[in-house]
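Each chain gets a letter, A, B, C, D, E and F, in the order it is written, and its residues are counted from 1.
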């Protein structure tokens, strides 16, 4: 009896999921038949005018950091919240992670690797408006430095090099910087997070120093994400 | 060039068998690393195929993370050693 | 390429199935990851135009794919990652308290 | 041709996803997670979305895997001993 | 013009400030007397309009009937407050003020909305009066509150139906939702089947609370019934049944307070009959009976209160102390008894005569006689214990002056109304074309009383005997049990299993999709 | 309207500065928190005053191609709720919260920013982002005490809210695919041409996603769990703002994007009213069984939200006024109840109903406040809950939902049963000697302020109704919204 019960429950679950799939299939099929590709005037506008309006040749970045920069503010806040949650869930005592010790080869490799990581991160951040990547990805790559230190040496060493308090503060500074750069728009008489409209010189598209405020926003996000992810990782490692 | 990509992907799929079957964790990590490297190659090849050099960035970042990934999997998933090492 | 929408549907439903049927907390979190991936895949799929190229306009291109869904996908990826991190942290915390990963055993709250 | 590659990748994606969900051993499914992420990265690149591809490489096959590894190390792994 | 109810509310608010003893006395005296004076000087036909939300309300409207009712409420308020002031705490006094104020507001309200608000305020304040007195009364208060809120909600539903059908809040022509108005009023009136709260509340609550409750709760019901449901003839029989039930129940009681409670049900039966006739005479008679009833029933409650205060219990044996040791109380008891029995030249007589005169139906006349007769028998038991049975109880403490003052005040009023019945008519210009003191009415009035005395003497040992408590059956308790078990089973489904919950969620999604897409 | 964007930025900036002050300048913490809350109140009043006629603030000055913030009477109402609740709760928590003080305030401010963003934004994806901000931070607040129950509640909350978010995201993506834009007004215009079936499927996803956060039966299960062992001042914001913001988003999406005609045609109005009726009856039955005060109040919240949903789904002018007024009233009443509970907890750590026995004689004024608020939430006159329930019932009757109207009255009776239980326990004398810690003025003053609002809004309902009366025309005819957003 119990067995039948279990099986019927499982069948019920599968039935639910399959019916959901059928519904989705119907919806997608209907949508597919609609010929909706004509409705792209917004993105067409971005593609045709984006480079001129924002000065960034990476349209995704210009959408992310200029047209829809408010989303990015929210996204950064989510990340900050996550980092704050993880850092406050951490107790004072440290937990022991079971793992194999690394040999000298790995630690040497790490030493070689770290400058490379720093340069890669910087590149991703500074060229955010020219190439794929941007503040977020660059921040994560920079955050790999403390992560690598943590896994090859130990948490103490990583935290000795990068103090948790300092990481927290730099995360906050990154977030504040984002908002403050946004406020520059208000100062110049335009709206919040305004870039080209606020008479910021956009420069020549394609140059490193161009696109007005976008690179600076990228830097701020980079700082924030780097610090935030380092906090998250180390917190998880220490989690008791 | 696309044939190369296709071949690599087929190889990757066949390597995935090791992940499914692999008796030990180390086998699986190794297989995963292999597949990762194959995809790294695919990314680079695709960049050439599309003639967009910026796609190389993706491969670069992916490569970095593949390295760290394998490191972390190695460190924490291989059989623990009785002495307390690392945190 | 339109056939790959089916893959999105399958992934989505697989994620839902994992969440509702798996009793292991970590597997549930994994289900959320799959769910999130399927939505990102959907975003990228709808951004794609056949013959288009990436929206990085270092020179003039004929057809460029839609940049907006890509931006949305970036945001979604970050949010999803943050949520996953928080979930895993809570998971560890719960494990330390209840000494189990079975969802059905977390039953202090009831009634 | 590129369509064929794309479809192969989709099938591979589904295989990994199903394997990830239905395998009993949680370590295996975590090892599969970066493969899943990598396939997504390649798919994104084929779909001309390098930005999301990088982000996916960073988050899904990077950080999320780290988090999972640590979590399992602290929970399941302890249980096994 | 200020409404008397508002005055009481102001008094309650003033009492919120820290008031010391003497000021408390002064304030309550001032408020109650001022309320009487204001009520006396109200001019029938006056009304106040107020815009509230989207509708125009008439929170204050005076006519003859409610002026008289308001007057007797104000008088009762004065007497009750004087009676109880030495015993009750400040918070109680506040609640009493709110209670009296809302009762007065209900009486003077000119639309259903105000009526409902005042109705619920009465419920709230009286329930808290019961709840806050002692730990014994908590359950009673719970029960009382729930019953009354159920009644209030029934009234509200009636109001909604009426409002959506007619679009105004007029009190006069209720067309829709009459059953719901009936239920509401039946609960307030302690009609048979809805009466369970009354004996519970009045006997458990402290006596001064019972005094105050007995003045207003059921009487507001009577007043509202006269406004909303007058002229539904079939209700007269219901009132008769209710009264007969009251007689049967009150004969069985061991405790004096309970006897008084059931006798309220009987008296309310009179009023229901009067109102349901629907003629002017009938309604006037009912309202006059309401006035008289308030007078004597309050006195009786107060008297029992004195007994409880002095001896600590309210069993029949304790009544004996009245005969010798408490002269004012004894006189008051006697006057009240004569009044309730409807003996000519006492106050109950006049209103009973009016109602009797108004009735055309022979069955109802017979029933009315039976009711009078039953009332007499019940209260003869009371009198028997008070004056004829020897009692060895001792008086521990003397009742305070304020209590006796309250009793005395009402007794004087009773005598006044009894001897000069036109006093009430003149006061409010409600003239009934009736010669109270002609032979026919005198004879019919005194008959039940005269008959009851020999019968009481004959069947004394059956009547005086204290019966065992009958099996107590309450349908509402069973309903509550059903409610509790349902809730228990439901809460068992919430066993904390996340997978189960998620399954519910997904099923909901599928159902939603099905519903919307097909 | 510069102030509109400040409403979102200021709490964010405050949260970031609190993060810095935790490490370096510890002394400025309390002044920072309080002064920011006061400035925030001023800003909110400024925005609310300018909420009619509606106006648009374009972030980045991009107008239609960027993200816009829309200040309209409907969002003005929510800002009013924030204005009424936020400062009292902040003042309350400065003394109340003892551990993880900085984190508590960081999360509270971020949560408020998220809710303000949800309320103001006129962009579908932005709505999702801010929804995520508010739900993640409120999840953190649930786990703040780090007790077993708190963590478990946080986990359940996280799972449910993430699931809901994914469905909302799915619907958002499909909407973008169909219309090529994310601006709500443009979507609304484009939606006229979309076939009925696709629209209803999208609506099902939106409804499911948001209702998961609102917590109608049977999607309510996570809600009481999050209330049970979380810091109680957070519960005030949770029931007053977080749940309500989901209601707000749902109503905005449904009424503005889909339009009332479509809702009527697809049968959502009927389904919604029926769903609401079921929900509050079951919630009342369940609330009676609870022994934990917070949990009881949580179930009561579910029931009250169901009333709100009935009011909003009736689909007439009166219903919208009633529902919106009940949103405001419920925030105030539940806020009062939770704050009183918090003081009880603070004074003798009592959360179970038996524990509060006899406390009325220790805290006479606070208990009176509790009684007032609970009678108001039951819906007895002359308190504010009565007025809004009256309006809802009237609207339901007018538009033919007679059963809903009748059951609301039945629900009133059912809710009285358990609130009266609590009140009676409060007023029962306790034999044990109770040692209490004095709450002090900073705890009791906000409570009494909110409690007095219950009476004030009951006696003078025209005060908030002046704002609320403008909402229905605005929602029922989405033309004005579209015109303002596109052209104004």
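Structural remarks
We take it that a contact is a pair of C-beta atoms (placed from the backbone, for glycine too) under 8 Å apart; a residue touches a chain by one contact, two chains touch by 3 or more.
These numbers come from a predicted model, not from an experiment.
The chains touching chain B as well as chain D are A, C.
Both chain A and chain C are touched by B, D, E, F. When you average the Cα atoms of each chain and compare centres, the chain farthest from chain B turns out to be E.
Central chain assignment: F. Criterion: smallest distance from chain C-alpha mean to the mean of all protein C-alpha atoms. One finds 77 Å separating the Cα centroids of chain D and chain E.
Separation between the centroids of chain B and chain E, computed from CA atoms only, is 87 Å. Centre-to-centre spacing of chain C and chain F amounts to 28 Å, using the average Cα coordinate of each chain. Here the spacing of chain A and chain B, counted between their Cα centres, is 22 Å. Shared contact sites, meaning residues of chain E that touch two or more other chains, fall at 491, 494, 496, 498, 502-503, 506-507, 509, 513, 517. Under the contact definition stated at the top, the residues of chain D that touch 2 or more other chains are 48, 50-51, 53-55, 58-59, 62-63, 66-67, 70-74, 77. Residue positions of chain F touching 2 or more other chains, listed in rising order: 125, 129, 132, 136, 139-140, 143, 146, 156, 159, 163, 177, 197, 201, 225, 289-290.
Contacting chain pairs in the structure are A-B, A-C, A-D, A-E, A-F, B-C, B-D, C-D, C-E, C-F, E-F. The part of chain B that touches chain A in the complex is made up of residues 54-55, 57-58, 60-61, 64-65, 67-68, 71-72, 74-76, 78-81, 84-87. Chain C meets chain E in the complex at residues 16, 19-23, 103-104, 106-111. Across the interface of their complex, chain C is touched by residues 3, 6-7, 10, 13-14, 17-18, 20-21, 26, 29-30, 33, 36-37, 40, 43-44, 47-52, 55-56, 59-60, 63-64, 67-68, 70-72, 74-76, 79 of chain D.
By the touch rule above, chain A contacts chain F in their complex via residues 23, 26-27, 30-31, 34, 36, 39-43, 45-46, 66-71, 73-75, 77-78, 80-82, 84-85, 88-89, 165, 168-169, 171-173, 175-176, 179, 182-183, 185-186, 190-195, 197-198. Contact residues of chain F toward chain A in the complex are 2, 5, 9, 12-13, 15-17, 19-20, 22-24, 57-62, 65-67, 100, 103, 106-107, 110, 113-114, 117, 121, 123, 125-126, 129-130, 132-133, 136-137, 139-140, 143-144, 146, 174, 177-181, 190, 194-195, 197-198, 201.
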